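There are two complexes below, and they share chain A, which is joined by chain B in the first and by chain C in the second.
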Partner chain A sequence: MRIKQLLIGMTATVIAVSSYVEMAIADLKFPMLVYRTGAYAPNGIPNADGFVDYYKMINARDGGIGGEKIFHPECETGYKTQVGVECYEKNKKDAMVFQPMSTGITYQLIPKATADGVSIYSTGYGRTSAANGKVFKWVFNAPVTYWDGASIAVRHILKQNLGNIKGKKIALVYHNSAYGKEPIRTLETLAKKHGYKLMLLPVDHPGQEQKATWLKIRKARPNYVLMWGWGVMNQVAIKSAASIKFPMENFIGIWWSGSENDVLPAGQGAHGYKSLTFNAPGSNYQVHADIKKYVHDKGEASGDGSHFGTVLYNRGLFQAMVQVEAATVAQKIHGTSKITPAMYRDGFENINLTAKRLEELGFKDFAPPFKITCENHGGSGLAAVQQWDAKTKKWNMITEYMYGDSDVVQKLIAEDSSKYAAEQKIAERCN
Partner chain B sequence: MIYKETGQYKSSYKSDHAIFPLLQDKIAFSTLMFVAFLIIPFVINSYWEKAILVPFLIFSLAAIGLNILTGYCGQVSLGTGGFMAVGAFSTYKIMTYFPDMNIMIIILISGLITAAVGIIFGLPSLRIKGFYLAVATLASQFFLVWLFNKVPWFYNYSDTGQITVSERTMFGIPVTGAEAPSYATYLFCLVLVVVLSFAAKNLIRSKMGRSWMAIRDMDIAAEIIGVPPLKTKLSAFAISSFYIGVAGALYFAVFLGAIEVTESFDIMTISFPVLFMIIIGGLGSMLGSFLGAAFVVTLPIGLKFLMVDMVGLSAVTAKHFEITIWGLLMIVFLIVEPHGLARLWSIAKEKLRRWPFPY
Partner chain C sequence: MSVELLNFIETVLNGLMSGVMYSLVALGFVLIFKASGVFNFAQGVFALFAALTLVGYQTGQVPFAHLINELFGTNYHNWYASMPNFLAILLTMVTMIALAWIIERLVLKHLVNQDPIILFMATIGLAFALEGVGDLMWGSDVKVLDVGIPSGGSVWLEEATIGLAAEGSEYYGMYVDVLNIWATVIAVILVVSLALFSQYTKTGRALRAVADDHQAALSVGISLRSIWILVWAISGFIAMVAGIMWGTESGVQFSLSLIALKALPVLILGGFTSIPGAIIGGLLIGVGEKLAEIYIGGYFETGALENWFAYVMALVFLLFRPQGLFGDKIIERV
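The block that comes next holds the complex of A and B.
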C-alpha cells in the first residue's frame, strides 16, 4: 500500500513539474533574488522590503512604468550561489534586470547574463571592474564601487591626519570571500602611495567567530580599522571592538557594514562607529511619504513594515528607483512602453539622474546625482561618511560626498577588465 | 507477475554474472538510456539543465564516489567538499597552463590528482576507524578549503579568489562557459557518468570490491583470510576520490563556471548533502547513489515549485517550510527505511514479482 501511494505521489509530482509552463506576462518583469533566511537575513530582509515597497508604490501611484505594471517575483536564495543560479534560470525569461545582492552570485551570473542578454545591476557591490562598460556590456555597478570605497575611506583618514599617514597602521577586517577580498589590492596600492602599513584580517563565513581577529587587533594596536562585513559578521565585529575598547571613531565600515541592526546589538559601545554610505538615512523624503500613502497605509507593506526608513531599506528604495528609471529612459529612447530586455539595457546605459530628476522622483538630497554612459557603468564614485549616535539611535552624515582616488582606481579597473576581456575574448565597445 | 523471472534460464557464467540478469531490467535500463541519450537532449532547456539534470548527474557521481568509500569499504568520510575542491582547482590550473588540452582529458587528470590527494588523506584510516576517522576526514575538508583560499597560486593571483572557467569545446561544440548549449553540457556529464558508473559497478563486483566489503564487514577477519588492509583501504580512498574529483571538476567547469572555494565547497553545501544522498539513497548501492542524488537535488526545487508556483505562498514562507520538511523527512526516512530508497525499490520489486497475489 505504501509503495502504491508513493508511486502515485511521485507520478503526480512528475506530471505537475513537467506540465509547468511559464505564464506569459505582459508586465515588466523585475525578478528579485532575496534572502530572508540564513546568516545574512538580518540585512537581506530590510533591503528586500525596500525594493518591494517601491515597486508597489510605483504600481499604485503611477499605474506602473509608463502604464506597464511591474511584476516582481521573489526567489529566495539564502545567499547561496547554487540556489541563485536556479533562481536566475527560473526567472530569466523576459526579465529586465537581476539584482543578485551577493557578490558571489554576481560573479556567477555575469557570464550567463551576458550570454542571455539580461542586465545585471549590482549597486555598489559585485565585480568592481564591471564599471568598465567597454568590456562589461550587460553589467552595471553604479553609483560607486568597492575600490572607490576603499580609497574614500583612506581619504577620510588622510583628512583627519592633515594629509600625512606615513607609518600609521590600518587593519582591514574582511569577510573571507570574493566580496571581502575586493578592496585588498586598492588598499595595498594606496599603502605604497601614502606609506601606511596594511594589516589583513580575514573572517570566515558566517562571521560569528572573531575572537582571534580582535585579539590580534588588541596586540597590534592599529590606528584605524576598516571593515568589509555583511550579515551577522558586522554585529559581532562592532561588539568585539567595543569590548576591547577600540576607539569607535577610528573604526570605519563599508556601506554594507553600516545599518541599524549592525550597531544596535552593541548598545552604547557602538557610539561613534563610522561607515561609508551612498544614500542618506532617515524617512522624511517625498518617496517615503508616497510609500506611506500608497502602500503602508493600505496595509500592503512588505514584511512587517518595521524597517521603514532604515539604512538598508532606503538603499533598497534607491536600487529599485534606479532600476525603474532605466525602464523609463528605455521607454523614452525606443518610443514604446513595451520594452524588451535589450531595450532596457539601452535605457540603463543612458541613465542621467540629475539633481532635478532626483527631486522629481521624490529623492531630493537623498543621494548624489550620477550618470551612466557607454564607457562608465560605475556612476559617480561618490560616497560620504556617516556616524552612529547611540544616544539618539540615529545615523548622522558627517562629511560631504567625496570622490575616491580615481588615478589609482581607474588604473586598477582598466587592468582587471582587460584581463577579463582577454580571458573571455571580448572585444571592447564604445569606440 | 509483472516482474517475472520464471523461464529466464541462465546457461552460462556470463549470463549469470551480467549486471542486469533479468530481461525486465535490461528493457528498463535500455529504455532509460534511450530517453537519456536520444530524447532529453532534444527537449532540454536551460532551466532543466542548470537547475535539475546537470547537478543531478554531478552529485550522482560524487555520491558514487562516497558510496565506494563509505558504503562499500566502511570508511566514513566528511571530506567530500575538500576533495571536490581539489578536482575543481586542478581543472582550473591545468586549463590555464595548457589552453589547448581537451577538456575531457583535463577532467580525468583532475580526477587522478584528487585520487593522489585522497590516498594521502586516507593514510590515517589505517590506524583509526569510525567516528575518529570521520573527524580526521573533516580535518581534510577544512584544510583543503583553507589551502585553496590562502595560497594565491591556486587561483592565479586573482583579486577575489574566484576562479572562472573559460570556454572549451568537444567536437567543436562548447561544453564549458556561458555560451555552452544545454544539450552539450548535459550530454558531456551524462557520458562521463554512464561510463564511470559502469566502471564502478564492475569494480565493486571484482576482487577489489569484494575485499572492500570484507574490510567493511569485519576488518580483522578480512585481514586473517588474507585481505591486505593497507592496499584495500587506500585503493578505496583513491578510487572514491577519483570519482569525487571528477564530480568537482564538472561542478566547477560545466555547472557553475565561476567558483569561490569557501562558499561552493563548504561542508554544508557539499560534504553533508552528499553524505545524506548516500544515506537516503542506500549505503552500498549503486542505484542508491542515483536515487539519493535525485532526491536531494530535486526535493527543494519540487517543494518550492509546489508551494510557490502552485499554492502561491511567498518565497520566504516556502523556504521556512522547506527547511522544516527537509529535516522531518530525514528523520522519517531514518526511522521508516534505514536502508534507503534503494531498499524501497527492492521491496517494490518483490511485490511486483508476486503481484496481483499478496503472497
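The block that comes next holds the complex of A and C.
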C-alpha cells in the first residue's frame, strides 16, 4: 500500500515538474530576482509587486507579448549577492532578461550573463559604465545611470546657487557597498570642476546606527547632503537629519532613497526632503487603470495590493514595461513571436520609447522618452527632483527632467569601460 | 572651554546613550543565559516581534490578514482604528509571556540536558521561525511606531551649552537626542527593577538559585520549567522595551532583528552572565565606536568604523579576558 502511494506521489510530482518546465519553454521567461524577505524587504516587496502586476496585466489584457505568455518565476535573493548569483544559475536557461535589483549582484552577473548570452537590465543602478554598449553587449542600464544622478544632483545645487558653488561643502552619505560607492568618482571629478569640497561618509549595512555620521555632519555643517542609501539606512538618515535640524531642502537622495518607506517614519521631520526620480509618483495613469481592471478587480493583485501607486511599485511597473517592450521590438525585428534570448537582446538594443509610444503603453507623462542604441545602453540620462510633503504625505515633482553633466559622465564612462574591455579582452563593437 | 573639548564630551555623551540602546538588547541575552545556559540567538527577533506586535495592536491590524484573505478570498485588514498606547503595550506584554510559554512547551522542554550547542542551534531555528511568523502575522512594511516618547535633538541642552565655548568660536551647542535620554531613564528603571526583583522577591531568589546551580535548585523544589518560562517572559519584556526604542528611531522593520549582532560585542566585553556587565559593556562599546568613527575614521579608506569597531574591541577582549569584564572566570579542571 505504501509503495503504491509513493509511486502515485512520485508520478504526480514528475507531472507537476514537467508541466512547469514545459511552461517555461513555451512562454517568454522573465525570471525575477526579488527580496520579499529580510532587511530590505520593505523596498523589495512593492517593487516586485509592480513587476508581477504588470506582467499579469499584459497576460490578461493582451494575451502575453505577441501572443506569447510571460512566465515570471521568482527567486528570493534577500539582497544577498551570493544568493542572487545562485538564483541566476538556477533560472538562466531560456531566460530573456535578468533584473538583479542589486548593484552587487549586477557586478557579479555581468561576466556570467555575457558568457551565457543573457541580457541584464539594471534600471538606473548597477555598473554605470555598462552604459557603453560598445563594450557591454548584454548589459543595459537605461534610462539614467548613477553618474548621471550624481551630476544631476550637483546641477540642481548649482541652479539653486546661481551657478556658483565654489567653496561650498557637499557631503555624500552612502551605503558602504558597490552601490553606494558608484557616485564617488563622479562627485570627485565634479568637485574639481566646480570647486566644492566633498565629504565622504560611508554607512555599513544595514545602517541602523548612524549617530557618529550625523554628529560629523552637525560639526562640519555641509551646505548640502547627498545620499546613496537603501533600506533602513534611508529612514535612519532622514530621521537623524531632522533630529540635528539639517535643512531638509538641502538633503537630496538618489532615486533609491526616495520612496514613501524612507520618509514616513520621520513624520513631519521629513518635510521638504528631496530625491531624484526617473518616474512619476501616483496612480492616475492609464497603466494603473488597466492593472486595476485586469488584475486587481479580479482578485489577482500581487501581495495585498496595498503598494499600488507608491514610488517603488511604479518603478517596478516602469522596469517591467521596458523589459516587455524589448520583447515586442525583438518580435518585430525577427518576424517571430517565439524569440530567443539573443533575439531579445537585439530588441533591447533597438528600444525607442518616444512620448507617443509611452502613451500607447499607458505611461503618458510617467517618464521621459528614451532610446537605446548599440553605443548607448544608458538611455536618456534624464532625472527630475521630487520633494516630500509630510502634510499631505505625497511626493511632488519640483523640477523638469534634466540632464547631468554629460561631458564629465561620458568621459568617465569611456575610461571605465575601456579599462574593463582591456581586462576582459573585449573588442569594441558598433563601429 | 575649547570647542574640541566640548565636541569630545558630546561624542562621549552620544556614545553612552547609544551604548544604553545596545545594553537593552544585551540584557535579554544575559538573563536567559544566566538562568538556562542558553545563548538565545533569537533575542533580536524577539525585539522585532514585540515591536511588530505593538504596532499591530496600536493600529488594529488583523493578524495573518494576508494569509486569511488569500485563503478565504476575504478583505480583512483592520478591525479598529487605533488603541491607546498603554493598552497596546499591556497586550504586547501578554503576547510576549504567551510566546515564552509556547517556546518552553515546544522547544526547551524537549531539549533539557542537551549540549549548549544544541540549545544554541535551536534558538537559531527559533529566530528564523519567529521572523517568518512575524512576517505572516503583521507584514513586511516599514511601520511607524509612536508610543508618545519624544525624539529629536534636545533644545534645552543645546541652548544651555552654546555659551560654554570660548567667545568668538564657531560652536552650535551640544547635541543629544531626547529619545536616547528616555532610553537611558527607562534602562535605569529596568535594571533597578530587575535587581530589586531578584534580590527581594521569592521568585527572584528562585531565579538566582537556578542561575547559580540547576541541580541544587531542583533539589530544593524549585520548578525549573516555571523559572524558564519566567525568564523567557522577562527577556521578552526587555525585548519589547528595546524594540520600542529602536523601532521609534528607525521605524519597525525586519532589519531590527540585526540589532542582536550589536549585542554580541557588548556581551563579550561585559560577560555573558553579568547584568552590570551588559550595561558597562554597552556603554564601552557605544563610546568606543563613536570616538573611533569621529577621531580615527578619516584614516581608514573604507570608513564606517561605527559599525565594525565594536567587533575589534570584542576581539581584543577575547584575547586578554575571554570571560569579559564581569563574567564568571573560566576554570577548566583536568
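Just so it is clear, the second predicted complex is superposed on the first by the 407 of 431 C-alpha atoms of A that agree within 3 Å, B and C clash if a C-alpha of one lies under 4 Å from a C-alpha of the other, contacts with A are read in each partner's own complex, and residues count from 1 in each chain.
Everything that follows uses one rule, which is that a contact is a pair of C-beta atoms (placed from the backbone, for glycine too) under 8 Å apart; a residue touches a chain by one contact, two chains touch by 3 or more.
Owing to the predicted nature of the structure, the values given are computational and were not obtained by experimental measurement.
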{"item": "Chain C versus chain B on the shared chain A, clash or fit after superposition", "value": "clash"}
{"item": "First, second, both or neither for A:Asn176, with chain B first and chain C second", "value": "both"}
{"item": "Touching partner for A:Val203 - first (chain B), second (chain C), both, neither", "value": "second"}
{"item": "Which of chain B and chain C A:Gln235 touches, first, second, both or neither", "value": "second"}
{"item": "Chain B versus chain C as contact partner of A:Gly78, first or second or both or neither", "value": "first"}
{"item": "Chain B versus chain C as contact partner of A:Glu423, first or second or both or neither", "value": "first"}
{"item": "Which of chain B and chain C A:Thr37 touches, first, second, both or neither", "value": "both"}
{"item": "Touched partner set for A:Lys216, first chain B, second chain C, both or neither", "value": "second"}
{"item": "Partner chain(s) touched by A:Gly267 [first = chain B, second = chain C, both, neither]", "value": "second"}
{"item": "Chain C region in steric overlap with chain B, selected from 23-31, 95-103, 149-157 or 311-319", "value": "311-319"}
{"item": "Doubly contacted chain A residues - partners chain C and chain B", "value": "36-37, 176, 204-205"}
{"item": "Chain B-facing residues of chain A, complex", "value": "3, 6-7, 13, 16-17, 20, 34, 36-37, 73-76, 78, 80-83, 85-86, 89-90, 92, 103-104, 107-108, 110-112, 114-115, 127, 176-179, 181-182, 184-185, 204-205, 416, 423-425"}
{"item": "Chain B residues touching chain A - in the complex, by the definition given at the top", "value": "46-47, 50-51, 55, 149, 159-162, 164, 166-167, 177-179, 256-258, 260, 262-264, 266, 269, 300-302, 305-306, 309-310, 314-316, 318-320, 323, 344, 347-348, 351"}
{"item": "Touch list for chain A against partner chain C, complex", "value": "36-42, 45, 176, 200-206, 208-213, 215-216, 218-219, 221, 231-232, 235-236, 239, 242-245, 261, 264-265, 267, 269, 299, 303-304, 306"}
{"item": "Residues of chain C touching chain A in the complex", "value": "7, 10-11, 14, 18, 65-66, 69, 73, 77, 135, 139-142, 144, 146, 151-153, 172, 175, 177, 246, 249-251, 253-256, 258-259, 262, 289-290, 293-294, 297, 302-308"}
